[in-house]
Structure formats: structure tokens, C-alpha cells
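Structures incoming, each one as C-alpha cells.
In the two complexes below, chain A is the common chain; its partner is chain B in one and chain C in the other.
Right, the complex of A and B next:
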């Protein structure tokens, strides 16, 4: 596809929120301050599993400055969950009535005139507990004798998911070689720079306004209305600038809920901001997973069958974990063609911090297992890992049986490019290796467990008399740059400049409903809605232009760079601004308005489109200390037509840093249900000195379902990295890393074991 | 402890605040003076979101008692721009897309500003070290380093 035809798409466009962000003007929920605002704090459970016998708030209420103390008894006691369609998966009372199920679970909340007083009041709340036996690991919790975490849930199995196609057993019989492995994938904290925060303001006319750090203003509105007994329309959610999300901010959290409950009782604004420690111990994490993987292959490298069983540590509640369970199993098959594929996933409740979606949505775990095992099989059989991946990889037009249709796929080019790059590196010094890993990812989910009656994405565009454009979208900018991406799509479609567009988002009162920022959905889904809205508005303008210009109706008209013209004779036309003024007059003064929406239909079970990529990681191991140094990361990436050039580079580099952190630094050790490192001193994220160069090779494809051919970018690239690092270490040292993160201790242990075997 | 009067300059203007001596500089900047560009992301002096410049040195404002800044000059992110003209590092951030959610950006800019004013032909390693105390969860840092590099190479002039 030629890119030259676009005047705005994939050009160097500054982020439209850039000036606000580099000058400190951007205000986040964290910065919101209202007249008469009170400050809330949350009392949290010190026990992993305990009955609440009694909560006495008397002493806390007596502290001067304290305005209210609430417990579960002050709420409607509704069990909520983001899988709204399925009652049994709505299992979480944000302030529980009967018992707590993890350390850090909210128990009571205080609002006071200052944060210090609210904090002091927490110590004055007397809770009488009956401590219950607890269980922390899924393979323990699933045993018959394990304590029951949710009444009526047998063996603590929260959700199961079976995915199967082809005759798996027959396909295994055809295999010349079968390999099986167990893997243990860790959790990860989203670690958004802005911790969970909300300001709620309930007023006497019965309306609630909530500023929230959320990935979906619409979900927050729906969930809050549900637990508070309000009509959705009486809850207005504002998500101003959001300090990161990464999959952790679209469920109802305790900051939103507790601030709203207290504001409704006091008729005053209440602000709740999590401390970093609260954010670590009590906002859901990436799902830890145990994977059993069995793969059958022919001598020539043709894949026959794969069978996997996965047990995930669900923690205390469902959240988005049910979706992660499905997507992990689906992407575990990616990006290859299997004659037979079978996945059985079990999400198991434990008395630990609940787990949920996080960037990659279960796929980074799945790829860590799959992509390493493929390299080990290649080594076992003496096959070339590039060739095997090429031979079995998805291609354009392939149908994942009963699941997905692949309309665009640049996987083979990705593999070719990375193969060239790896070969260009030549022979590496001792203890250093390059590992590869390929994968694909979705461009938005098709599922509607939230039971939204609205289109998945909607947009409204209004053209003012001076030609400036108001674009109202429900999609949420959480830093990934979606406002800029939408402005680019609008400017391209209308034929104007990015600076002509003002994007309005993050306000349920003024923006159309949209499922929000998760599952890499916005560029494709909201992008399509914006394109449709702008085409609608443009059509109205061009209808008037036909009449105004008095031209033959067989001519096509278009607008580009604010010039309305005949396509075949671009010099014949009139300025866009002039046309808008005249068109408004012709419409009796009505502004030009266009509407657009997108809901996927007939696109399989998972997603309308899939991105593809291959990544190589160049890493070195110190055999004395086990320490890893990452030298370089290179990715070949197919996201269809790139829309937002700067945004794309930023997303891909950012994904590499987060995925490297997951691969070798970020660990969440728990002892007896207690997280041992809930602070930024002991929880190690990548910092600037560790970050390697992370280059990108863009592969040119066109996705027919995406706006201007675009599909997913930025989330999927968290998937391949841990496996690529594992393969680099395997190539460098000959050790197989089956547990995440790949810490120096684990490397040393594997090196010792290798020595033992060689003896 | 008795409350005390703190007189100091913030972004070129004189301020006088009456504060408890235990009050952190970050609190005075944000809560007393309303310069909310300065962010806070941890309680352990680890994230760098609250970085400001005191007499030209970059300092995490959660690690300093406000009262220690008596008669000193503090610059926050709001002080980088002069009469609507952005500073070189601010413009370089825009051109390089060196921010995403923007929450770490004010702190990053302050660390980078202090580094750039001192650095002479810095290496890439030194540039990376200059923002070692600032956590960014979005960008992967490389675009920030590119912006610092562009400014130290003289590609952006004061306007």
C-alpha cells in the first residue's frame, strides 16, 4: 500500500496534549481540589482470610475533624464485577459485609477535613476478627481439603475455559516428536505513576459527579450506578488526564466506591488517593499462571498438535481475570497453524491479591511458555527456529478454526527481517546470546460481558462556522495518545489539519458511550467510529459543494489540506472555510454534525483484526552472579497502516520496557498472603540506565477492517519479550528458564543444575 | 513544634507561607501554592515525579523539608516556560514524543534541565544517569534520552 496518499496519517504530529503535559498544565484526578472537599482513607485487612465479627467505629468518629466512618453495613452490599452479564462472576463487595479474602482488602473508610486526620482515625477503628485458614497457591487451593474462599464454589475453581479445534489426539499420533514442559509465570504490578484516585461529589438534587483515574469513564459510570443504586444517567464520570492504566484501571476500585459512598452520605466532595503501598497490595495485578504445555511435531518441523493446561492464581475475586483466562488460552496457539489444539484453563481463587488484565492480557505468560518450548524442540530435533516459525505461521486468509479470521498478516516478513538482523550480528562473545519470539495480538475484543446496550465505540463530530471541529469521543486517553490518534483520523477524513480538531473525551455527560481503553481496541473501533462520523459530516459539506460549484455530477469531490476540489481537476475548487460558512447558511444556521459508531459483527469469537510481530533480544549473562545485561532489542512489527507515528514508536519502546521488567526484574513475592515488596525501593522496574536500544522495523500491511488499514499496536509487544530473553539465555548458556521473572538466583540455580547433569 | 514562616522564591516570585516545620517541600508547592504540575508517585523517595530545582540543583521535593528552603529559589515545571515560550527541553520533549501519560514528565523535565545546564558534551550513559532517579512507566526512556541528546547537541536554542 502506498502511504503517500495521506496528508496527516503517519506524519510527524505532536501529541495534541503535549503542551499541557510538558508545562504542568495537565491536571489529573490526583490534582482535583473542590471547595469544601474532604479527604478519605481506607482501613485494610491485615488478614488473608478472616470473618468480620464486629467493626466498632465509635472512637474514630470521636476524633475531631472526622466527618464519617463507613463499613459494608453502610452500603447496599451489592456484589459487583465487571463481568456484569454473569451473576456468579460478580463476587466482590468493595466493602465486604462478612469476611475478607486477602491482605489489603478494604474494610472501612473514613472522611475527614485533612488526610492526616483521616489516616489517624484508621487506627481508632476497632475490628473484631475470626481468622480463618487461608490458601495462597492455585495448585493447593484446588485440593479437596483446601479452605473454601467463596461459599458454594467447589474446589475454589472460579472459572474454567475450554478451547479446542481439530482432532487433537489423532494429530498427536501423527507427530514424530512430542515434548512436554511445566512453566510458572509470575504476576506483575501495573505500577501506574498515578495511583488509584477518585473525587466524588454528590449534590442534593441526587446527582453524583466522579473524577476518576480510569481507562473507561463509561464502565466506571455503569459500575458505580450499579453498586450505589443510582441511574447511570445520574452518575457523571470525568476522567481528565489519566496517569497510566496498563489494564489495571477499568474495574470499580475502592477509591471510586468509598469516595462515592461517603459523599452520598455527607453531600460533600470526598477525595481518595491510594498510597503507592496501597496501590501495590490492593489493586489487582497481572495474573500468575502455571502452564503445562505438550506439543507434537513432525521431523520436518510441521506442527501437529498442542495441548495445554493452565492453572491461574485468581486471588480473591474475579475482576477481568475471566477474560485473561480465555485470551491466554487463545493466544497460546498464536501465531501458528495447529491441526489440533486443546486448552483447558482453570482460574482458581486464593487468599491473595486478586489478579486481572494487564497489558498483553494473558498472552505474555502464554508466549513465555510457547515460544521457549518451540526453540527447545528445534534444538532437540536440529531444526532452524526461523524456518519452523515461517513454516507454521499464520498467513493472510487463514482461519483459526471456529475462532478467528486473519485478514491481514505480516508475520512472514517480520520473521525474515529479524532473521536478517540476527544474522547481521555475526558471532557473539561468550555468555551472550540472541533469542527470538514471535506472536500476534488482537485489535479489540468482540465479547460483551459488560452487557453494554451501546455500540462498542461512538463518535460525534461538529463543524463550527470557522471550520474548526469539535470531536466528541468516548474512547479514553490514558497516555497512549488516543486523543491524538483520533484527531489524526478526523483531520485526514475531513481534509483539514490536526490543529483544526479539538478532541473532547473522558466525560460521560458530553461524550458518547464507548467501552474505553482496553484490549487494544481504540484505534480500530473508536477510529472507525470517528472515520464514519467525519465521513458523515464531510458528505453533508460535499453535497452543498456540488450545488455551489455547479459541476457535472459524475465528478468526484474531495477535501484535502482545507481545499475542496474536483478529484480529477484538483486546481478547481474553493477553500474549506468558505464552504463551511456557506453550508451553515444553507442549513438555516445549523452546525454541520456527523455521527459514527462501530460494533463488530461476523468477526469470529475474539477480535476483528490481529497484529503480528517478531522480536529479538540480545542479552548477556554473568556466570558468576547470574546477572543479566540486555544489550539490545529489535522488533519487526505489523500493525497495518501506522496512524500516529510518534505515538507508535513511544508505545513500542514503552512495551519493551514493561515487558523486560516482567522478564527479569519485576517480582511480587508473597509470604503467607502478604506482599513482601510493596514499594518502589524493593519492587524493581526498568530505569533509564538498564533500558536498551529498542529498534522497530515496520512491516507494511493493510487491514481491511481497520480505519485506513490500521490495527493493534503497543499492547501486543509486551507478549514476546520474556520468551525472547529466555531464548537468548538458552542460546548463551544452554539453560532452560521455566520460571518468571528470570532472576540472578534462578539463573545461578539453572547453571548449577546444568553442571550437575554434565558430571 | 510551632508553625513557622517560610519566605522563598518559586518560579521567580516571592512567597510567604506559614507552615509546620515538618511540612515537605512537595506539599507546600502543591497544596499551599497550587503548583500541581509537580506530581507525587511514592512515599519512598523513589519515583522522582516530584523533582524540582532548588538553586539550580534537581532535588526530589518529597525529600526536603520546606523550611530548609528559606530564602532559596525553587523552580517547578511551571517555571520552565517564559511568556508562553517553551524551554529547549520542553520543545525537544514535544518533538521526540518523550512523554505519554505525562505524570512523570514534570519531574523528568526538571532532572533533565539541571543536567543540561551543567553537562559538557555528555555521553549517552551520562544522559541516562541524569534521569536514573525518575521512573517512567510509559515511554521506556529512550525518547526522553533522545530529547536530552538533541538539546545538549545544541539543536534547540532559548527563545
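Right, the complex of A and C next:
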């Protein structure tokens, strides 16, 4: 479909908050300082599994400067969770009353006049424990004899998910070849630049104000109100700037909860900021997964059936894990047409750090298994991996049975472009290979486990007398640039410039409710709300323009670049600023205001729209040491209509660095429940010297459900990379990497095993 | 959190040595790139910090053909990396520095501080030993000089006693047919080595090996000289088989400790590979010299 000519959309727009950030004026939660503010610290469990027999806070309270020490007994003891609609999945008391389930779990909190005193007071809290047997791996925890982590939860199975369509067994019978493999996918830390942080201020009027580092001010508001026994409207959450989220910051965290509990008792502001170590050991992480994958295929490369079982290490609590469990299974089928598909996912509690959503939401793990196995099957049968993917790939108009309808899909073009790119590289030197991987991702989730009665996204736009625009949105900018995206959509719709728009976000008192920044939902959902609000305002303006210009009613009017004009005769018109002034006067001084919202309907089970992509990774292996060098990453990408070219490049590069880190560097090893590398020396995040060139080829598609045809453009880019690297190593060395991260030692082990087989 | 301490700022070497002699619970700081980390972790909590950053007489790079290279203790890594004369005469030092942590660290960290800290995973130690360097250190009661390979005693321990400061590193002028190479194995380029190997080779006029050094990084409590491998090479006409054998010896002689980044087995294996490769590289250089 051809696109209209846009003035702002798909141009290079710098983040509208960029200057504030680089000049240090952006106020993050970490920077908030209020008069009389106290500093809070959290005492954490040294045991992976233990009963709390008694907590004696006397000595801590006696330390000069300490104002309060709280434990679970000082709270309402409500078990909370973000799956608010399902009571059994609300399983986490932020300050537990009876027992702890992982090392690092909060046990008590202190507020004092300085951070140093609060820290010193932690050593003076005496906890009497009864240490319980613990279990750390899902395949152990699911055994009958394993210790019980949550009372009444049999075999520690937290949630199960079953996805099935078609006659799977019959489809397998049609297959000429069936392959099965086991995979082990590791966890990953979200590693936000800003650690979890909150400042809470409760005043005698009964109102609580909380500055929080959150991906959804609205969720934080709702969750806090729930655990504190307040009305939602009495809790105001502010999150003007957030230093990264990546899926780890839309649940209630201990910084928010403990600061609020202590502030409510003291009527004083309390600030809690996690150290980097706390952020590693006691926030949440990407879900580690064991995958069994069985795939049946015909000799000519037609996919017949797939059957997968997945056991995930859920850690101590549910978090967003239930969603990750479903989405992993759903995207494991992507982006292909299966006659029969069956997935059974088991999320198992263990005595480790809870697992949750992280950029890709279970899909990077699913793709690591799926996309490698497809390449191995192609090699087993002598098929061309590009051709097989093209043959079985989603196409426009396809329906994933009972799950999703694909209204736009550029997968085939993505495959064609990457095939061209790979072939243009010619023959590679020894020990070097290019691997490919294709996938898709959602543009926001349809599920409403939070049980929000509000629209999924809302926006309010008002136009000032001088033509400047106040845009109020509930969507959350967490560094990904959503405020800029919304400003672009508003400017394009209203026919003004980006600098005319002031975006108000991250304040529940002044912005409409919105589910926030997760599941790649904001561009499509909040973008639609913004577009609708601006169209509403623009319509009101144009009504006055018709009256003012006295033109024949058959003419269409529009505004572009602050010029109100007849579409057919663009030279005939009047300046936008002038029109606004007149419209205001005509409305008895009321400002022009537009309202918009978005709630998905009749869009299947998962998402209103899906992005598609194929990625290639060019990598080299040192055959003697196993060390991997990444030369280049190239992605062909269908995100519908790109809104901001610069923003898209930023998303692509950020995703490549995060997903490559997941593929070969980042790991969270535990010993007896203790994370062994909770610092940035031992936890390996890609740094500038390792970051390869990461290019992008945009595939032109138009998504009818998206604002101006736009779809998801940031999270899904994390999905293909680990598999593409695995395939690159397979092509370079002939070894199959079934465990993440792909470390030098695992590479050498695989090379040795290959040699053994060849003997 | 870093403890409170008294800050001492001597203006000259003499004053620095006098102050150091005077205070018992005193640590020396210059770039702070090693010390501040352990202070932040609370592992070191001195009552006094003696800051020798401003003792300018210890910051220099001097070279003459006869005497060789002399680097003052407070010379930064970045100064070494950017020195023209070092690039020309001792390129291995520049290559080593280019991969030592980040530019920020190299701007602050000093060669004297690095050696005094005596972390067996440090980069300069193995390279300088392969280059046959000596180290000069001293206190208010006098100066001492030691071959660098004898300077390191144990993990984070050197021959220096309380009151001693590192003063200078001296690297002799390379012999005519000399080559030296260093490589560390790590996951990120700017990390400390999981293991590392430095090798140097000096050839006789007839092409046989006159002298060789093999020094392993992070393969024991100190930068580890593998004399058994060195002896294997001396006097022989060098070839790939000998380098592989030397690598095998290095792998066996090493005393690496496993952690989450690599098993002991993998460390030994990679030490063998690196030793073999660095000997070959040093040999190639020596042949061309």
C-alpha cells in the first residue's frame, strides 16, 4: 500500500528530552530530594529458603539517626502480584511474614537520616531463622520429593500453559522426517542504567505521592493502592524520567513498597535506591527455560507439525512469568504455518531470584531453539534454509488458528533481502560463518490480567492560544523515546511541528491511565489514542476554518506545517496560529481539546498486529580457545510504517547489544541459590569494543490497525539474535549449540565431541 | 562504602617517603584504579591515604639506546600507550596498554600502582618480565632494585615493606634479534585476562634460540615464569613443534584457579594455546628484527 506524504513521520527526529538528559537536568527518581527526606535500606535474606521465627529490631531502633524499622508485621500482609485478576498468582508479600524463598528477598526495612546510618542499622536487626531445604532447578523442583516452596502448590508447578491447534498427531504421521532436541536457555539481568528506586511521601491529608522508576505509572499506582489499603485516586505516581526498564519494572518492587510503608508511618518522605548488587540479586530476571522441541517436516521442506514442552525456572514468585510462559509458547510457532502445533509450558517455582518478562518476553528463548533446529533439519535433509523459511512463512491474511490474524506481513521480503545480503558476502574465511534467524513479535498484548477498567491507552490534547500543544499521555517513556514518538504522531496529525508539542507523561494525577511500556504496545496503542485525540482537536479547528474561509463545503481542508489550506488548492488558506486564536474566541474562550483512546477488539488472543524480521549474524570462532568474535549483524525488518528513523536505529542497536550479550556473554550462575556475579566486573555486558556494526533494511508494509500503519519496532529485535549466532557457529564449525550463553568452553566441548564422533 | 580517612598530599618524593614512614595504617594512592575498588568493597580501610599523584619527579619516560627505557612510577598507562619512543622500541608495551581496561582507567591508573598492587591478572607484569625489566623501589632509608620476576611474592604481595614506594621500572635495550608478544584471553576486550601469556625470544646470529622467556598471567599467585619451557627452547632451532611442546609445558606448570568465568581445565588449555602462539609471534618478530 502506498503511503501518504508525511511531514514529520519517518524523518530523523532527535529525542525531545535529549537535551535535558545530556545536560543533566532530567530528574530521575534517583535525583529526587525532598525537605526532611529520610533514606531507606532493606535487610535481605541470606538464606534461599527459611522460616522467619523472630525479628528483633530493638538494637537497630536504638542507633541514633534511625527513625523506623519495619517488617512484614507492620504491613497489611497482602499477597500481591501483577496478575491481579487471578488470586492464586498473587503470591508475593514484599515483606514476607512467614518465610523467605530466595537469597536477597526483603525481610525488613530501615529509614534513617542518612543512607550510612540506615545501612549500619541493618546489621543491628536480629533475625532468628529456621533454615529449610531448598531447590534451585525446575527439573529438580518438579520432582515429588522436592521441598514445597509455596504451601499447597503441588510439585512446585506455579502455572501451566497449553496451546494447540490442528491435528498434531496426524500431521506428524504425514512427516517424512522428525527431529527432536533439548535446549537450555539461561536467565539474563535487565541491567537498567537506573537501578530500582522510589521516593514516597505520605501527608496527613491521606495522600501518597511516589516517584518511581517504573514502566507503568498506572500499574504502580494500582498495585501500591492495593497493598497499602488506599484508594487508587489517593496515590499519585510520578515517573518523569526512567533509566531503562526492559520488562523488569512494571511490577511492584521493594523500593516502592518499603518507602511507602515507612513514609505512611512517619509522614515523612522516604527514599530507597537499590545498589547495583541489590538490583542483580533481588529484582527479577529473564526466565531461564528448558525446551524440548520435536518437529516433523516433509522431504520437500513443508512443515507438518511441532510439539514442544518447556520447563521454566520461575524462581520464587510469579511476577510476569505467567505471560512469558504463554508468549514463549506462542512465538515458538512463529513465523511459520504449522498444520498441527502443540505446546505445553510448565513454570516451576524454585528458591532463586524470581523470573519475569524481559525484552522479547520469552520469544528469544523460543527462537534460540526453533530457529537453530530448523537449520539443522535443513542440513539433515539437504534443504535450503532460506527456501524452507519462505515456503512455510506467515503471509498477509494468514490466521494462526484460534490465536491471531495477520493483517500485514513483510516476512518474505525480509528473507529475500537477507538472502541477497548473505550471498553478497561471498565465501568466508575459515572458522567464520553467517547464521540467519527469522521471527515476529506482537504490537502490544490484548490480555488484561491486571483487570484494568480503563482503556488500554488514552490521550488528551489541548491547544493553547499561540498554537502550542499540550499532549497528555499515560504511556511511559523509559528511555525508548515514546514521548518523541507520540510528539511525532501528534505533530503529523495536527499539521504542526514537533517543537510545538509538549508531552506530559509519567504522572497519574495529570495523565490519563494507560497500561504502560511493556509488550511493545505503546507505538500502536498509545499512538492510536494520540492520533484519535489529535484528529478530534483538528476536526474542531477545521470547523472554524470552514466558517472563516467561506468555501464550498465539497472542498477538503487540511493543516500541514502550520498552514491551514484547501487540499485541492494548497495555496489558499490561512496560518494555523491565526485559526487557533479565532477558534478560541468563537468558543467563548474554551481551549480546543481532543480526546482519544484505544482498546483492542476482535484481534484474537494475543495482539492487534505483528512485526516480522530476519536477521543475519556474521561471526568467527577461534578453534583453539573457543572465543567468539561478532563481525556484523544485519536485520531486515518489517515494523509497518516507521515513525522515527533515529529512534528505530537506536532500538535496533540497543537490541543487538542486549541480544548478543544474551547469546554469548551474559549469564547468572547460582551456587546454592546465591548469584555468583552480582556486579559489572563479573556480569559481562557488551561494551563498545565488542559492539559490531548493526545495519537495518526496512521493509515497506502498512498495518491497518496501527497509527499511520505502524507496528512494534524495538522489543522483537531481541528475538532472533541468539539463534542467528548459533547458526553462524554451526555454519562455521559444524557444531550445534544447545545451551546459552554460548561460551568458549561450551564451543570447545562441542568441537571435541564432534571430533569424537568423526573418529 | 568507603571509610573516612586522613588525606596526605606530599609535594615531593622526599616528603612522601617521610610521611609514609611516619604513619602505620597508611595506604598509597596515585591513580586509585585498584585501591578505590577494594576500599569501596570495605576490604581495605586505611586510616591514612598518601596521595603521590602530585609527586611530579616520578612521572617520566626516558629512553637511551645504551641504558634502555626508564618509566617513573606515577606515569599513567595512557602516557605509556601514547609514547612515540615506546611505540618504536617496545611495541608490545603499547599493544598491551591498548587493551588494559578502558581509556578512563588508563588516564588515571599508573604503572607503579599497577605493579605495587601485584594482582596476578594484571597486564603489565608478564610483559615487563618477558622484556627482562627491573623494578626500583625504596623508602626514606634507601633504594633497592630487583628483577621484576623476583618482585612479586604472592597474591597482592611484593618484596616491598611498609614505607617502600615503587620508584621506577627499567627495561633494558632489546638485543639485536629480539621479539616479544603478549595476549590475554577474556570475554570482553577490555577485561582483565581470564588467563594471559607473554613470551620473548632472542636469537643467535645462526638463528638458534639464545634466550626465551615464557610468563603466564593469572595462572598462579604471581606472574608465572615457566623456566621449564624456556629451557626447552634455548640453544635450539625453533619450530612449531617446539612451540607446541612449550605450550604443553606451560599448561602443565600453570596453577590456575577456577571461577565462574572458566574451569581450571579450560584455563590450562588456553594457557597452552596462548604460550604456543606468543612464542611463535615473538620468534617471527625476532627473525625479522
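We adopt the following convention: the second predicted complex is superposed on the first by the 755 of 759 C-alpha atoms of A that agree within 3 Å, B and C clash if a C-alpha of one lies under 4 Å from a C-alpha of the other, contacts with A are read in each partner's own complex, and residues count from 1 in each chain.
Operating definition for what follows: a contact is a pair of C-beta atoms (placed from the backbone, for glycine too) under 8 Å apart; a residue touches a chain by one contact, two chains touch by 3 or more.
For clarity, every value in this text was computed on a predicted model and none was experimentally measured.
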Would you sort A:689 into first (chain B), second (chain C), both or neither based on which partner it touches? both
Looking only at chain A, is it chain B or chain C that touches more of its residues? B
For A:35, decide between first (touching chain B), second (touching chain C), both and neither. neither
If you stack the two complexes on chain A, which partner ends up touching A:550: first (chain B), second (chain C), both, or neither? neither
Mind working out whether A:481 is in touch with chain B, chain C, both or neither, as first, second, both or neither? first
In the superposed arrangement, which partner chain does A:242 touch: chain B (first), chain C (second), both, or neither? first
Partner chain in contact with A:18 - chain B first, chain C second, else both or neither: first
Once the shared chain is lined up, is A:649 touching chain B (first), chain C (second), both, or neither of them? first
Return the residues of chain A at which the contacts from chain B and from chain C coincide. 686-687, 689
Residue numbers on chain A that touch chain C, as the complex places them: 116, 119, 624-627, 665, 667, 669, 676-677, 682, 684, 686-687, 689-690, 743-745, 748
Would you pull the chain B residues touching chain A in the complex into a rising list? 30, 35-44, 46-47, 49, 76-78, 80-81, 86, 90, 93-97, 99-106, 109, 125, 128-129, 131-132, 134-145
If we count contacts the way the header does, which residues on chain A are in touch with chain B in the complex? 14-15, 17-28, 30-31, 191-195, 241-244, 246, 275-277, 478-481, 646-647, 649-651, 653-658, 679-681, 685-689, 691, 693-694
The residues of chain C that touch chain A in their complex are 1, 102, 185, 187-191, 260-263, 266, 269-270, 273-274
